[in-house]
Each structure stands twice: as C-alpha cells, then as structure tokens.
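Listed after this line are the structures, all set down as structure tokens.
In the two assemblies presented below, chain A is common to both, partnered first by chain B and then by chain C.
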Partner chain A sequence: MEHTSLLERILRGIALALVVIFFMFPIVWILMMSFQTNETILRIPPQLVFEPTLANYTALITGKLMTAAGTLDIAFMRNLWNSVFLSVTSVAVALLLGVPAAYAFARHKFRGSEDIAFTLLSFRFAPALLVLLPLTLYFQKLGLANTYIGLIWVYQLICLPLILWIVRGYFEDIPADIEYAYRIAGHSWFATFRKIALPLAGPGIAAAGLLAFIFAWNNFVFALVLASADKQPVTVGALAFITSSGIQYGQISAAIVLSITPTLALALYAQRYLVEGLSLGAVKG
Partner chain B sequence: MSPTAITISGVDKFYGPIDRGVHAVKNLTMEIAKGEIVALLGSSGCGKTSTLRMIAGFEEVSRGTIAVAGRKVHTLPPVRRNVAMAFEGYSLYPPLTVRENIVFALKAARLAKSAVDAKVANIAKLLEIEDILERYPSSISGGQQQRASLGRALIREADLHLLDEPMGQLEPQLRAVLRGRIKHFIKERGLTAILVTHDQTEANALADRIAVMEGGVLQQFDTPDRLKERPANLFTGTFVGEPPMNVFEAYVGTAAGKISLKLPDGLSLDYDKDAFSGPVRDELLNRQRVVIGVRPYAVRRSKDGVPATVSANQWLGDQTHIAADFAGGSLVLVEHDRTRLELGAPIKISIDPKNLHVFDQASGNAISHGTELA
Partner chain C sequence: MASLELRNIVKRYKSQTVLDNLSLTVADGETLVLFGPSGAGKTVLLRLVAGVIDPDEGKILIGGEDMTDVDAEFRGVGMAFQNFALFPHMTAFDNIATPLQAKHSSQGTIKAGVESVGKLLKIGHVLSHKPRALSNGQKQRTALARALVGSPPLLLLDDPLRNVDAKLRFEMRLELPRLLADRGATVVYVTQDYKEAMALGDRIAVMSQGVVKQLGTPEQIYREPANVEIARLFGDPTINLLDVKPSRDAKGVYVGLSNVQVHLAGAHEAAVGRDCVIGLRPEALAFVDEGTSGAIPVTVEAETPLNEKIVTLVRTVRGREILVSRPSGIPGQSEGRAHIAVDSKSALLFDRASGERIGSKNVVNLRSGEAA
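Then we have the complex of A and B:
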C-alpha cells in the first residue's frame, strides 16, 4: 500500500496538471483557432470567448479560399488524400519488404548480415537534406520526380529501417525452438513463418507499422522537393495558406486539425498494441 | 539384432567455418537399433545437444552422414526426417491450449477426431496433465509445460523420438513415477528414443544404452551396467557413478612375490600375483605408472588395510558417505549402515583386486577391470 499525505497528493496533482497543460495547450488553442476568423484570432489581447464559425472548414473542403485580395483555389482535400495514399502505401510496401527481411536478419546469421542491417539503419542517420539534391537529379533523369512511385520509394528511407529494426527485435524474442517444434511436426519453413513467427510478433509489427505511418505522414522535406502541387501531402500543402494577402491562421488551424485527426485516431485505436508492442517481449518463456 | 533405427557415421560439427570454428562434435559414430532407448550423457558443452539437433535437422552436419530408418536424412529439412522432439525449453505455442498444442503434433497424421481424443486422453493420463489440458502455456508451471511438451513429442508416431532434458523441471517424486511410465510407454509401442541428459540417474533408469560424451568426443557407448563395471577410460570411470570413483596415481612394483601398487605418502596396496590373470599381471608389470580407480562402495574398512584418516562423515538416511584423507588425496567410501566415526579417526582400508580398475597413466584408457583385461 502506498502511503501519501494530502500535501503530496495535491503537489502531484499540480505537477500533473502542469504537464497536461503544457502538452495539450497548443492543440486546444489550435482547435479553438480553427473555429475563428482571422480577425478574431489576431485580436489583441486574445479572447477565450468568440463566436464559432465553420467558414475555415468549408473553405478547405470546397477548395475556395476567400482572402482580402479575392478567391484562391486550394487543393487541401487533394493534399489530405495524397497524405493518406502515400503513407498507407509506403507502410504497406515497407511491411511487405521489411518483415521478411527482419525475420531473415533475426534468424539467419550470414556473412555481412550485420553490415547490411546497419546500412539500412544508417539511412535514418543521414540528414534528408544531404541526399535530397542527388536524389532530385536522379529522379528527374529516371522520370520518377513528381510521381507517387518515386515518393513511395523515397518514403522507404523513413519506413523500412524503422520496421526492420523494431520487428527484428520481436522475431529475436521468439524462442527459435518454438519454430523448430512446428517444423519438426511436419511443416515447411514458410508455414512456420506464417503460422508461428508472424502471429507471435504481431503486436510488434503493428507497433512498428503505426510508428512508420506517423513518420511517413509527418514527412515534409522529401515531399516538398520531389513533388509538385497535385502530389503533395498536407504537410507541404499547408504552405499554400501563406498567401500574398497574409497568413490564413484560421484555415491553417483547421488544416492542422484535419491532418492530425487520422494519425490521432489511428494512435488511439492502436494504443493497446502500441503499449503492448513497445513494452512487452512478445513471448513469455 | 533388430533393424537399425539410426546410423550416425563420422559426424563432425563445427560452429563457424569447417576446421577452424568451434569443434563441438568430433567424428561421432553410433548405431541405434529400433526400439532402443539411448541416453546421451555428459556435462554442459559436451556436444550432446548439438548431436540431438543435428539429428532433428536444426543444426547442419559439418561432415559425415546421418541415416534414419535406412534413409540418409542429414541434408533434408526437419519436416522430411520423420522425427519427433521434446525441447528443453518446452517451446509450446503460446496462443494454443495444452490440448491444442498436443493435438497439433498429430495434424500431419490426419486421424479421425475420436482417435485423436483417445490418444490425447491416454498421454494426458500418463503424464498427469489431464486437469490442465484446457489451460494456456503461460498460466501453468514449468513442470507442467515440460510434461505438455513431452506429451506433444510422445504422441507422434515417428521413426525416432528425441527428448532434450525431458524431465529437468519435474519434482523428484513425479520424476521417478514418470520415468517408469514413459519407459513403459516407449517400450510398449516399440518406439526408438534418444534422450539428452546430464542426470545419470535419469539415464540409468530410462536408457538401454548410454553414450557418454565429453569435449565433443564419444567416450563410451554401453549399457548402464557395463559403464559402471567396465569404464573404457578414466573419464567415464569418474563421470559415471555417484559418488564418483576414487582415483590415485600409482607406481607398479614387485616385492616378495607380490604386486605392489605404490601410492604417495609411502603407502602401497599389495596383491598376490595370482590375484590377477596372467595378461593383467603382464600389463601391470610392463608399466611403471598407472592410475588406479575404485568405486566408493567397493572400498572396505578392515583390520589389516592401509591407514587413512576420516575427514568427513555423512549419514544420508540410507547409507553413510565417509571421506578420508588417503595417500595425499581424498577417498570416499560408502557403507550401508550408519557408521559413527569421529573426524580425524584413523581407519584402515582395503580394496579387493576384483574391484580394482586400472587405467593407463598417459592416455587414460582402461587397462583392466578387476582381474580381467579391459
């Protein structure tokens, strides 16, 4: 039984409240801004009471941005769709390539296996800006610039090492003898991978996939350089709100709210797997 | 002789590159008949588990061949070797219940459900796991998991059953009961089993023959009785048997028509020349130095023996273990009655020549057991 005095509990409450406010305030503020017009947002001093408006969301969904200088076309919904498409496809490709590779690295020690695994990890060390220029040149020559395939390819730099290294750890945690027991009972190597290794590493694969999705979703610089307007994800698309007649804070906020919703929903839904996956070893002996 | 179940010939195992890596199993050759139970006995790292895993197909055979039921299998994947195995770490499938785990092993056999149920009921009764059949591996104890894993291996009808430390986690009482039942089960069905163990009681109780391994080398492959009575070398002599064999270095000499085994501290064991057969006598006299061994239960206290001093005395409930300082070393003797001897008490011991094991001083190979040549 933990013994805490009243004072201790109060202090702890205050500390927790501070932490929550620190992390939640920007999100709450942005949520509030998304329901305000630019004028009310920029009012000094800022006010907590305002008349909510859905104009920002309407503008984003219809794609017509009203500014003082006139009407602007924006492709926010298109950007959002690009984000969803790019992230989902990239993670799917990375899972397809990374999970079997992780299994191979975990189960088979071959000459240079550590070097290859480390090389893949090192993709995450290199600053994106360092590889961008040569990559852009190659992509233009290859005709991959401004294509979904090209972007998904580059996104593998983000997703693949992440999945490979997280999932590899999960496969290593599964005692090899469990797989041997399955194989000696008359099953092939592939059946063992599918029926034993994959389900046991399931939580880890889910966690790695989710993390990779969030990283892919949040990527900015690759998409900024390698894609033009119709292929850009929301992270880049949000730049369109900095217009010649001012920064559209209301729409930016609404855009942010819309663009964090999918990852937030996914994270909340998969929270159980995430915690299980990232904290627990897959199998207890 | 019944047909051969498995033939291992000239098998080497290297971890790492051949001839340069760790040499875990060295030139192993064994033949096991159908229906035989064989124990691979040895301390950790002696190569017994590597051998088992090579037979199962989880480790590559670096050199040599393994044939199961006349089929060369050492290059086949595990699935095509038709062997069953119980793992030391149990290796039950966590998402399945104990029953499902056991039934799983029968999947490939495609039996009718009633036949499967009957088999599972039978094996569960044998291993006393009927009450945990519907539980999951994570919710049962290590001993229960081990029995479940044993059940999963024994229920299969394979050419060969491999059991890796099959009873290491069981409580002593249960272990004794299960040993008998499992042996009966295996014999009744005419199964062939190889078990790996470091527990010689288990090996003695279960196995028809025991393969003693050390340093990757098969030291001796023989029945439990012959391992005790006729150890092939100093290693098996001292490894098999509890408490271990007493060994001393001795110089062979003759004095007054007797063969004298001179021990350190000026002591000597003297025997009539006729106590040994002619060839043994010749072997002994041909050598300067030998190593002599005697089992603790064969050491006698007598009035006209060689002096020793008691250094420890333990009554184990059914026998007494007496340790004594003797000839610059220590000697253990076992008596079946409770013996009251103070520490430091002088005793005199004698060793009957028929209980004397003589080994070559350099190679450790046996020269004679009792009055016969090895």
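Then we have the complex of A and C:
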C-alpha cells in the first residue's frame, strides 16, 4: 500500500460507503420490510425505526396467511423445497451430461461438432414462450406435464447450454500437452479426463454450476406453465401473496429473504473457488 | 531396450504437409538428435512416436513391433515436453509417480523409484512442492524425472532445455549424456541448439520443412554438411561463405581469394568451372606472416575476445567480410593490416544455385586424423 494522507483515506471511505449503500439498499430495505407489518410498510413517510415482528416468517413457515379477509393457506415452504429440489437436480443432471460433452467438444473436432454445440447454445436464444406452447402439448401427451422429471428436463434448456459453453472454454484452456503427458505416462483417456481435465477445470465447472443454479432458481415461466401448485418453485409461489385483500408486502419480503438465502450462501461459499480458479490460470505449462 | 523405425511417415494439417514421406531408424540404445528450425516438423514427429497424434500414412515400429495404431498409454515410451507439461494440481512427487502408478506398482516401489530418480536429478528436497513453487530448472528436472522414472526403453525429449537459463542449460548439456547412457535407453532428442545437438547426439538428423536433409554423426554434419544451410546452422561463429569459381592448374584445384590462388586439398574436381560458394570455418583460418604462400591480405575491423577463443572480423581487399577464430593464447593481429591463410583441407564447396555441397566425401577427419 502506498502512503495516503488521512483526508484521502476519509474521502475514500465515504466514497466506498456511498457505493455500498447504493448497491445494498434494495436488499437492506427488503430485509427491513420482512420484519414489518403491512401497515408500517405502507406508512407515509416511510420510517427507519419500527417495532420488528416475526409474524411474516411464522406465517410463511406455518403456511397460514392472515389477511383482512381471513386465513389463507399458502404452500411457501413446499415451494421453497421444490425450488431447491428442481434447481439442484437440474444442475446435477446438466453437469453429468454437459461436462463430458464439453470435454468432447473441446478436445475432439469431429464432423459437425461446431454445429451441434451451436445448436445447444441456440436454446438460449429462443423466447421461452415460443417454446412453451408446443412443449406443453407434448408434455401433456407424454404424461410429463406437472411432474418433477418433466420440469427437470425442461430446465436443461437453461442449464445445459450454460454449462456446456462455459466448461468447454475451461477445458480448452488446459494445455493439451498436460493431458498428453498423462496419457504417455500410461493412463487411459478416461483416467486422464478424471485425474487431469476434471480437477484442472474444477473452478470453471463450479462457476458454471453456480450460474446454472441461479438461472434455474430464478426461472419463472417454465414452472408457471408446466407445473401445478404442489410442484411450483418459489418464483411462481410468490404469486400467492397477491391476495384479494391486497398485496402482502411483509410476507413477500420475508419470502424473498428466504428464497435468496440459498443462492447467496452458495455464491459466498463458491466465491473462494471462483477466485482460485482465476488465479490457477496463471500456471503456465 | 527398443529400436525405433519410422517408415514413410506422412502427416498433413489441412493442406499443409508437415512431414513428407519421412523414414528414419534409431538403433537400440542410440541417441538420435532431431535438429532443425522451428516448423521443421520435429515436435510433430516426436508426438507421432509417442502416439498422441496419428500419421496420415506410414508405419511406426518400436522394438520391431508395429505401434502405428496403438494408443499412447500402451507404447511404453517416456517423454519430456518443451513446456514441461507438469500437472499443476499435483506435487512434484505425484507428478513423477504417474508412470509408476499407471503400472499399478506398490506404494513402496513408487516411493523408492521416485526418490531415487529425484536424487539422481537433484530435486529430492522439492518433491513435496507443487509445480508453481518450483524454479524453472526444478520444473525441467521434474519433467525429466517423470520421463525417466519408469525406465522406458524409448525416451522422447522435446527440447527439454529450451526454457531454462543458460547456466543450467550448460550444466545439463554436460550431465545429460551420462544420464542417458547410464539408462541404456534409446533416445530421440529434439533441439534447436546446435551445441546441444553436437554434445548429445550419437547421430543427428537435420530436418527442414518436414524432411530429413542430412543424417550423420555430429562430426559428419560439421565437417561435411550436405548444403549451405546446414553449414550455416552448425558452428559458432558461423561459417564464412564466399562466392568463388574454382579453376585448376598443374598443382590441382584452386580458388581465387582476393587475387591469391588458394589450392584446395581433397577431391574438388567436380567443382571446377562452376559457380560455387566456398565455406570456410572461422577456425580453419589463421593469421600468418606476409609472404607465406597463399597468404591473403586483409584489414582487421574488430576483435572480440570470448574467453576460450578470440574472434576477429577482417575485411579483404575486395571488401568481403570474414570471421577468423583462434584459441586464446595464440598470437594474432588485433588491428591494421594482416594476412590470413586457409586450412585448405577443411574448405567446403557448395553449388551456388542449389546450395548442395559438391563432391569429395574425402574430407579429412581432423579429430581422429582419418578419412571419414
């Protein structure tokens, strides 16, 4: 660190604080809202000081939503579980399929390999609603509508191209000589894939998996159309808070806090590996 | 123990032919150096032998067995890469151990094997380090240890000294021949450094544009280079090349250098009357007193003492620049006018148009005093 004057450090501190406040404000506000009742939230002018209440969280966890018009049953915890299950399983399946495929695309230039890879990427271009209508019809015929398997399958449209293209880049960055050296040492191509390619692309695979998880978690429209209440993730389940007696801001905020917690925790945990992954690139041959 | 035979190897990338109908035999226990500029196809050739790329045509025989379609892991060769190609996520120990692990050796055997080769290459103290914590020299030794550890009968070394500093390169150049001889392995060694080639090779294959231009002992390559290009690549300072047109008189074939008739020893009949280039090694030129027969008058331009030898740049009366090299301690001229004489036995004549060397297989082998 170069030497800086006191004034400079203070100004720098203020500038940093401003930036942090600007970016963190929505999250902090939501966190505060989640501890307030609808009345205190909607008070004008808004107030920073309030009496915190856990009512929103208890309502979500017990599944009983108290509104002016009476008690409503909501399946928020069920939705949260659905989100976790659908996202984790989808990413797992996409990793299982996508990582070997990415390796193949990175290392073997076979006839049409570029076309296939691009076709997979193009899944991300198509507007979801355009795909959904025929897909719904097919799924109803196949009996896949409103099943976990059907949803996980559709989620591959989101996860697979992401993982394939990101991980492919990481595999391509591994010098081929390193893999050759392992082969020449007497190991099969599969051992080389497992012991050399996978560990070296590990941070990339983690990054791609995390990104795919976030995309899957945030998906709304596929689940809205293809799943009914008991299979819906939180993104769709949040619609239940728009009730006949108004929008339940307190519960929505609590729901948001609960539903971003897993992704936030995962991102914070994986950050370590992501940074390590970037610095691993500094290893030359 | 394994010999290596390459038969009519052709390798193309898209429309470019990298190896053009190349055939080569390396005897059991021999060290063959592949020497040539980058892009000559040396590394491709090595990779074909290792089995990580496949030839378009031709056969590869290792120990007399056809290995052309055998996967890399079953060929039983050891290879060291120019960029080391160490596994960055493994310690030096684990890096070196990989060939032994592939053979499913016991933990004890692996430990003993790695430690003994580590000791041999003086990296015993850094075996627990990961590659990023190793110096370039240690990386290079680790890569070499990994190639040696399984005692493969065929060793492929792809310019292993390319990325290490000059001091280490010099040390390894001294160390490697003994190391390789002790192993008794057949070695194919790729390099772009002619000194390395001369120091390590039982034979040298000079490659250019996918073909072997000349194959011979270091002595042969140096004394009888097949063409001007090879003559220029071997030797430091580089060979002097001068345009001449040899003639003949009663005393034999001679060339005119600065109006002085210099008679050439050896059979140069074929060159008479042709447009030629004469190649004179700097060490084949010497300062002489005025009046010596065949003495060529020159002006000294500059002198560079290089510890063990002194290199002098001189200019002939016709303005051609010539390098003269002499061992330190031998008196010479360091400025002004001087005379030089040619050791006529070691003069080389090349055809000016094609660059090919003309005639005489009868070049005197200076080291042993016999005709080579």
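One rule holds for everything that comes next: the second predicted complex is superposed on the first by the 258 of 285 C-alpha atoms of A that agree within 3 Å, B and C clash if a C-alpha of one lies under 4 Å from a C-alpha of the other, contacts with A are read in each partner's own complex, and residues count from 1 in each chain.
In this text, a contact is a pair of C-beta atoms (placed from the backbone, for glycine too) under 8 Å apart; a residue touches a chain by one contact, two chains touch by 3 or more.
These numbers were taken from a predicted model, which means no experiment stands behind them.
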Superposed partners chain B and chain C on chain A - clash or fit: clash
First (chain B), second (chain C), both or neither touched by A:W29: neither
Partner chain in contact with A:F118 - chain B first, chain C second, else both or neither: neither
Chain B versus chain C as contact partner of A:Y138, first or second or both or neither: neither
Partner chain(s) touched by A:P199 [first = chain B, second = chain C, both, neither]: both
First (chain B), second (chain C), both or neither touched by A:W81: neither
Touched partner set for A:I184, first chain B, second chain C, both or neither: both
Chain B versus chain C as contact partner of A:Y269, first or second or both or neither: neither
Chain A residues contacted in one complex by chain B, in the other by chain C: 175, 177-178, 180-189, 196, 199-200, 283-285
Partner chain A, residues of chain B touching it in the complex: 56-58, 77-79, 81, 83-85, 87-95, 104-105, 107-108, 138, 149, 152, 156
Parts of chain A lying in touch with chain C, wherever the complex brings them together: 175, 177-178, 180-189, 196, 199-200, 280, 282-285
Sites on chain A touched by chain B in the complex: 175-178, 180-189, 196, 199-200, 283-285
Sites on chain C touched by chain A in the complex: 47, 50-52, 71-79, 81, 83-89, 98-99, 101-103, 131-132, 146, 150
